[in-house]
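Lettered A, B and C in written order, each chain numbered from 1.
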Amino acid sequence: MIVNRRGFMAALAASALLAFGAGPVAAEDKFIVVASTTSTEQSGLFGSLLPAFERDTGIKVRVVALGTGQALDMARRGDADVVFVHDVAAEEKFVAEGFGVKRLPVMYNDFVLIGPKSDPAKIAGSKDMLDALRKIEASRSPFASRGDKSGTHAAELRYWKAAGVDLDAKKGTWYRDTGSGMGPTLNTASSMNAYVLADRGTWLAFKNRGELAILVEGDQKLFNQYGVMLVNPAKHPHVKKELGQTFVDWIVSPLGQAAIANYRIEGRQLFFPDANR
Amino acid sequence: MNTFTDSFSVAAGLVAHLDPRFLAIVDLSLRVSLAATVIAAAIGLPLGAAIAVGRFPGRQALTIVLNALMGLPPVVVGLVVYLLLSRAGPLGSFGVLFTPTAMVIAQTILIVPIIAALSRQIVSDAWAEYHEQLQSLGASTMRAALTLLWDTRYSLITVLLAGFGRAIAEVGAVMIVGGNIDGVTRVMTTTIALETSKGDLPLALALGVVLVTIVLTLNAGAHATREWARARFG
Amino acid sequence: MQVRTPRGNGRGRALDEPVAPTGLPIVCATVGVRRGTTQLLADISTTFAARTRTVIVGANGAGKSTLLRVLHGLVIPSSGSVMWGGRAQHPKRQAMVFQRPVLLRRSAAANIRYALDLAGIHGAEADARIREALAEVGLLPLADRPARVLSGGEQQRVALARAWALAPEVLFLDEPTASLDPAATRAVEHIIRDIHARGTAIVMASHNLAQARRLADDILFLHDGRLAERTSSSTFFSRPASALARAFLDDE
């Protein structure tokens, strides 16, 4: 029994040693940190892609899944080796500022406009995104937005602007800014029976659909382009540039592109490789 | 109600099949929070004892601050530690961001005030009872403090458990400094958050059931130990 | 005056060697203790010599406990001075037993060992002293019992054994039998007599006048924080000099 002091100290030391096994992984492991978005992770793409990459190259990938804006900020601070997000304008700015080496297109997927089956705005089956948004505004139906500087949120704002809707006046009424990721926003939309813009991959992997369904899809404007960038070692010398470049090269190579194309949910391909467009 | 009943069967399935990813997540949670508790104890117990027996100006104020810090929001701790450990921050060159080490650091900071404040209370009560006799026997203040820490060790187990419970249950700090990286920094609470955001509520709840069960078991064990000690040592 | 070296001659002091008086006599000169607005003790001038048995009596709140603590160095007087063996620095060769026995959560023997360790006595000599002390108080069979599960009387005897093992020059006791039954009280008084017989001065506070008669050589009577009378025990109980003392004895 640990009643005497020596036994107590020994137990304490043992648990400390055990717990320190939680320390940094052995330095011999080759790994890179990739800042990416929740859509690539939660759709399950990375779960399929990264083991293939590791088999081919022996490099482990540690994915920190945030929104596009957060991922780029994280890379600006030098906390990632590679960035893999979906907001072309923000990515090009990132490279122009000198934080990224070069932006390469990788794949695209599409957004879908989700809404309650009861469809108060009467947009089901439409292929015109902008028109649908105008109808939502006109009928003042509840709409849940991510509001988190993500690629999806940036795209959503572009659509509203293109549709000619001024959102500032509408916030807090039918337009609900949740300030959270895709999953939580879908959860909110599900419980509020609201319309919401989502990427197809996250939607297909989402299990708490409630009364929601895809109402608008197939509009060319809904295509969503992903790009990959190596974080600039000139700005952050500690960046693992060889390993990171290996990842960038792999993902645009025929091997990587095929792996992307082969990923399916419910038999449906989610991401379409376009590195050689 | 379905979600609740589903979650219990999912939880049972996870445990019964010893799913390796599930085990890895539980294992990491335990190790990170245990490490944080051990380190926080090494800092907090002497600190609490020192404040309990020491007589210095500002002691009262320090006690109040310590008690207030028990309510540190985990997400704030996470943010501050992130900024410190980020490559752009002062401690970035150590490269521990997004590793379990960063999680241990954040949780340690979170629970040191709890352990210090609660042990201060226990040692202070013991001091009231013992200090004249210890002074009579010629014990220095520091020796007295150490003697009291040892003498109250079974009550202090409760304190350590409070710290551990806070650590293993928090998500704000480990999410930010760990990044919830699959296979590297994913723990029970961050997995619950992730599965909730993916809409897989039964799985999230199941993990919650597992987490609560672990904490309950530890508390029961500590209670039993204390009762045994009380009967044995008085 | 004999001067002791604290660590002794290597083999330590045997228990039956007389205590050398380094911290004695204790001389109080106009000692006063003030806490906040209350004057706990005022103008106490008196002396305590080696090997005497003094019992401090007085009503509750008269200052008995405070005086003991001043003599033992636990309380610093607000006015006046205390000298131990001619020195202002408090000596180490004293022990104190309180009304409630204060024992650590460890065995009876370990409690004594802790006190000896603080006094710089370890190893075989400590073992010998512990055995002898516990035998003296009749608790040798309970040496390894956790001290705090013992009865009140047994705990107080452990506290006395602890004091015995230290072989102090002076033993202070603050109402040591106030919470004990008559049988335990008798046992404690017996031990106090033995400690005194071995050469330790006794200074004890008691509200039990019969006990004071049994144990005291001289009585120190406190009234409202002042020293009202100090005489031999026989004189105090038969022909007290002060009116306050007479009133006190009549009330009891």
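For this structure, a couple of remarks:
Just so we're on the same page, contacts are C-beta pairs under 8 Å (C-beta built on N, C-alpha and C of every residue); 3 or more make two chains touch, one makes a residue touch a chain.
The shown structure was predicted, so the numbers you read here are calculated from the model rather than taken from an experiment.
Comparing chain C-alpha centroids with the centroid of the full set of protein C-alpha atoms picks out B as the closest. The busiest chain interface, judged by C-beta pairs in contact, is A-B. Ranked by distance of CA centroids from subunit B, the top chain is C. Averaging Cα coordinates per chain places subunit B and subunit C 46 Å apart. Centres computed as Cα averages put subunit A at a distance of 77 Å from subunit C. The geometric centre of subunit A is 32 Å away from that of subunit B, both derived from CA atoms.
Under the contact definition stated at the top, the residues of subunit B that touch 2 or more other chains are 232. Interface residues of subunit C facing subunit B in the complex, by the touch rule stated above, are 69, 72, 74, 92, 94-96, 98, 102, 104-106, 114-115, 118-119, 146-150. On the subunit A side of its complex with subunit B, the touching residues are 3, 5, 8, 12, 15-16, 18-25, 33, 38, 41-42, 46-47, 62-65, 76-79, 180-184, 186-187, 190, 202, 205-209, 236, 238. Residue ranges of subunit B in contact with subunit C, taken from their complex: 129-130, 132-133, 135-139, 143, 147, 151, 232-234.
By the touch criterion stated above, subunit B contacts subunit A in their complex at residues 28, 31-32, 34-35, 38-39, 86-89, 92-93, 95-101, 103-104, 150, 153, 179-182, 184, 194, 196-201, 232.
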